[in-house]
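Two complexes come next, and they have one chain in common, chain A, joined by chain B in the first and chain C in the second.
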Partner chain A sequence: MSKSILRKDKVAEALSALGKQSVVYAPVKNKRGIVEYRELGKSASAAEIELDGKPDTPPKAIIFPQTEVLLTYRKDKDGKFEVTPARPDEREKVIFGVRPCDAIGIAVMDKVFCGGKFTDPYYKARREKVTIFSIACDGPMDSYCFCPSTGGSPAATEGSDVMMYDVGDSYYVEGVTEKGKKALEALKGQLGKPSPEQEGRKEAIVEKAKSGEGFTRKISAESIAKLDNSFDSKYWDDVARRCLSCGACTYYCPTCHCFDINDEKGGERVRTWDSCQFGIFTMHTSGHNPRAVRAQKLRNRYYHKFKYSKDNIGRYLCVGCGRCIALCPASLDITKAISEVK
Partner chain B sequence: MTKNDYLPQIAEIVSITQETTGERAVKTFRVAFKDKNYKMEWRAGQTCMVSVFGKGESMFAISSSPTKGYIEFSVQRMGRVTERLHQMQVGDELGIRGPYGNGFPVEQWKGKNIYFIAGGVGMAPVRAVMNYVVDNKKDYGELHLLYGARSSRDLSYKAEIDALEQGGAIDVRRTIDVAEPGWLPVDNANPDNTKFDPSTRKFTGFVATIVTAMKCNPENALAVICGPPIMIKTCIGSLAKLGWKDEQIYTTLENKMKCGIGKCGRCNIGGVYVCVDGPVFTYAQVKKMLPDQ
Partner chain C sequence: MSDLSDERIREEAKKALREKGLKCVIGWSAEGTPTFASTEEEIDRLSFNRSCVNNLVPYLTYEIRSQRGKTRDGKDKVVVPVGVVVRGCDSKALLLLLNEKILARNEVFIIGVPCSGVVDPRAGGALFRKCVKCAMRNPVVFDVLASETVQEDEKDYSEVEAIERMSQEERWALWEEILGDCIRCHACKRSCPVCYCDECLLDPTDVAIKPDTTAEEKAHRPLWVERSVNVPENLVYHLARLPHLVGRCVDCGECERVCPRRLPLRLLTTKLEKDVKEIFDYEAAKEEGQKPLIAMSCMEDENGFIM
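Moving on to the complex of A and B:
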């Protein structure tokens, strides 16, 4: 069953089958028309889910929630403390309909949270329970996409457990990892055998992906290499003049993982997403702030994406989804900034 | 579940020493883990995340040497966490996780003469490594301490350093910013013209001026500098003029931290994470970092 066909009119049935063993997440259009990943109910209706475009939000929050309790602390009547670690949600989960860029985003976060000297136990516990069903893109999904510039591709399989290819009235389905192949066993009733024509269409998607056809937005390897010598460029001041430090780029980024930890009233220590674009992100208690101005903050984000992470985890911390460009209220464009810096 | 590095151990404050007074007072807190079976091993220069429950966590250098068998943190009253910490009493409980970071490479330093150079509360990590070296004195060469603060009242660990000095363990020179009786003023504007009388132990002037006046000798030596950024910079300048190489100069850096384990993404200087890659660096390493400060 490692290569099979799932007819589109059987997707709802397949999701229900997956839902018997796992919680299933898929892109769903909310009331404001934004497509974001949602936990599906027991009986998923095909009308609910939006598998055709790039979701407006990455699936990051399913594995790395925007807010999570790390531990609780309680003080008894003698003033003695007891600390209890929170248990992360360890239910089996399927994320269905992920785009390759977002799946790579999860693979990149794996390197951050589970690589190096320390492993983040909360992230790891959730991650181990997640199976990712991705849909290859047939070329760029919109004009913001630039995955080939970041080592990705519209049909990249990195980070995905199951790959699906849109071959018309069906998805061509292929298990990538052992976890993925195992998940497909639950879909025996919904999967069929691919026809030679469907095989051909799938191959065409893969070939097109390899060629990088259709992408107009790019960052060249030469531009990235230039970063080594443009740290002190005045260009960063010019770019940052438009930035509002709103942090939208970081919140919608599939790989931005910076977080804050705070003690809340009621005895909870809470981890929340943070943004390197915020004013006090790096501010010392003394008031000294090593990255005090916008140019420094923005430059740090770009360098973290394309230089520091390459040096530290061997991979860009950008997957070319283009959401930061699409959603920036000041029309800042990471591809333009890195291409134009002198 | 994987080892949970976010989970602090409960520790009780067993003693508090008021090192300095005033708005920016420094207190040294000695702590003991409630779980008597819990042992923390650390190297001088390593740090811990200290929880003041309800206020949050802050990263502090362990200011006691591992040779002492007790754990101390010397904390300046500065923000939310430290304000509350300064109100705490013996018997109150904290959370502690760590140790984090690399610590000083004391094994590599064997046989060397060492200049410990500290300014203000920067003495805290220097105290840890200085005491480690003093307690293993047979392994090391001549030892010097140059310690500067705003005024004589702002010098920490007074009794301890006096005892080391009187016992002949280490040559100690102190300096303050504003003249007080008995503290010899030196000429900050012309450090090269400053006459250095080896019998003078108390100066008024910048630490960097004393470094120049003392003619700290780079031969078979290394320097450990910690203090405010401007003091570190000027002292490195003084040492360079005396022929010191970048590799001979060690410093310990700090930055805002939340996780301590290289994940939260804010303590980086360029691609270097102070929490896991540091906080101890040679000046040669610091120079290679992007000018991201």
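Moving on to the complex of A and C:
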């Protein structure tokens, strides 16, 4: 059953069916109105899920948590150290209701953590247990979206195991990967056969996505190409003049993956998210900081998103979700910043 | 609010740019974006309307302090004055910095805009909660005012009073939930107009190591807050900020505005302001030349919790 229909009134039932084998995460509105991924059954119920928009937070923390103990150590009476590696979370997980940009975000992180010479065992252990159910977007979800400019699309399947298309009172459901197809087997009782009309609606979403219709926010390939020769431009001083060097953009970005590792009290070695906007990020012990001022730090973020990543992993590191634009306290806008590069 | 005040802002900004040789004037664009105008043409883009939400004072501080330093022959560098547009709440923060001698009065040219509230983009066109009832709509320090003053309200303490009535257990649960949801992005601290230290003991993401910092100094740098984001560390971050803000925080609400987790941080700052008023009969940035609260401690002060 690789092409099927899930009626919206059966979604809750489908989630509990998935919940028999896996922990299920889905977007839920918190008490302050933020839609974010929560573990169903533990902190939220299927009735509360919000599948119609772009969640305010990306699903990144499920696979790459903000704070992660890597190992603990104790010194015994004889002064010998006993080291205990942390055990990875072994539960199978389904992330349900992911938007295509965020699924690509996970695919991008896969390249970083598992795609090259080195593999991050902590990331990999968690990632292997995750199955991603995405919902294609019927055009931009809000005025911040610009996925078509970054090699994505509102119906992109990269990173997704199962794709769902909103065809009215139902989702058209399609297994993308083997993992996804297998996961759908658990939903036999909830899935039905699509009608030709539903097939048609799904095709319309895919076609619309290809055309890039509806997106007003854009970055052109020409302006991205300009980055090659703009590193030393005074332009970055002007752009960064209002940057506050906080971590809101990086923490909410579905692909920002930089981390720091510290030994903390109680004998824990902890990995935490880091941000290229923080002063300590590039601080050398000598006291020299190669990226000491705001313009250097912000420029690095933009170059990493649109140039270094393209050179190194063959893909933009920005997936066009627009969250950093929506959340920036100083109203910095990555699309504007890149489009106006001088 | 009206185009009239825009004209006035631009006129006064241009005049000051010419006559006082300002480095730039920091204001908002018509879309509400913080803007640095250093030519008359750029000044023509300045505006004030309901979408101008940023407190611009941190930018002012940066523009002035980054000019400071010594020349090769050891003299203080000349600071070129900077212009700024401020609402009532912003002006309070600016006055505090002047009173604390972080900025000098002749380094700043202040265009005040009386304000009847700005719109919260997350609230679909409604005013920010802090703007619904505001006791500081009119600038308290300025060189020129861009429009007529407006009616101010009584400060609304009802939410804080509701928390004061809670039991200790209820309050603990409340703050554990709220502050446990913080991701420590540091937006609140970095946008705070009265947080201007180069290094903050509550911020392990920034240190002021300079090329001349000795190994000894580095080794003895205490780490008060771990990088781990969890309830205890978050509590230390937020609660230890408060004593540093006593009698200084003007309750401008910038921290609450910028928080990507939408945490109600003004519950803390409004309480601080209320306590300072009730216990010490003091109000931050009330008048020019006012002494800092911390410099006014005396034997009669309440000290029951120490002795």
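Points worth noting:
Here is the rule we use: the second predicted complex is superposed on the first by the 337 of 342 C-alpha atoms of A that agree within 3 Å, B and C clash if a C-alpha of one lies under 4 Å from a C-alpha of the other, contacts with A are read in each partner's own complex, and residues count from 1 in each chain.
We take it that contacts are C-beta pairs under 8 Å (C-beta built on N, C-alpha and C of every residue); 3 or more make two chains touch, one makes a residue touch a chain.
From a predicted model like this one, the values you see are computed outputs, not experimental measurements.
More residues of chain A lie in contact with B than with the other chain of the pair chain B and chain C. Contact with chain B, but none with chain C, is seen for A:Tyr303 once the two complexes are overlaid on the shared chain.
Using the contact criterion defined above for the overlaid structures, shared-chain residue A:Ser211 touches neither chain B nor chain C, since it reaches no partner.
Contact with neither chain B nor chain C is seen for A:Gln21 once the two complexes are overlaid on the shared chain.
Within the superposed three-chain model, A:Lys124 lies in touch with chain B and out of touch with chain C [touch as defined at top].
Looking at the shared chain after the overlay, A:Thr67 reaches chain C, while chain B stays out of its contact range.
Using the contact criterion defined above for the overlaid structures, shared-chain residue A:Asn229 touches neither chain B nor chain C, since it reaches no partner.
Of the two partner chains placed around the shared chain by superposition, chain B and chain C are both touched by A:Ser286. With both structures placed on the common chain, the touch criterion links A:Asn262 to chain B and to chain C.
Of the two partner chains, chain B is the only one touched by A:Gly116; chain C is not.
Shared interface residues of chain A (contacting chain B in one complex, chain C in the other): 260, 262, 265, 274, 281, 283, 285-286, 288. Of all residues in chain A, only 30, 32-34, 66-67, 238, 241-242, 244-248, 251-252, 260, 262, 264-265, 268, 270, 272, 274-275, 278-281, 283, 285-289, 327, 329-331 touch chain C in the complex they form. Taken in their complex, chain C has these residues touching chain A: 31-34, 36, 54, 58-59, 122, 181, 183-187, 189-191, 204-207, 209-213, 218, 226-230, 257-258, 260-264.
On the chain B side of its complex with chain A, the touching residues are 1-8, 10, 51, 53-58, 78-82, 91-93, 95, 229, 254-256, 258-259, 261-266, 268-271, 276, 290-293. The touching residues of chain A, when paired with chain B in their complex, are 70-71, 73, 75, 79-83, 85, 112-113, 116-122, 124-125, 231-232, 257-263, 265, 267, 269, 274, 276, 281-286, 288, 290-291, 296, 300, 303-304, 307-309, 311-312.
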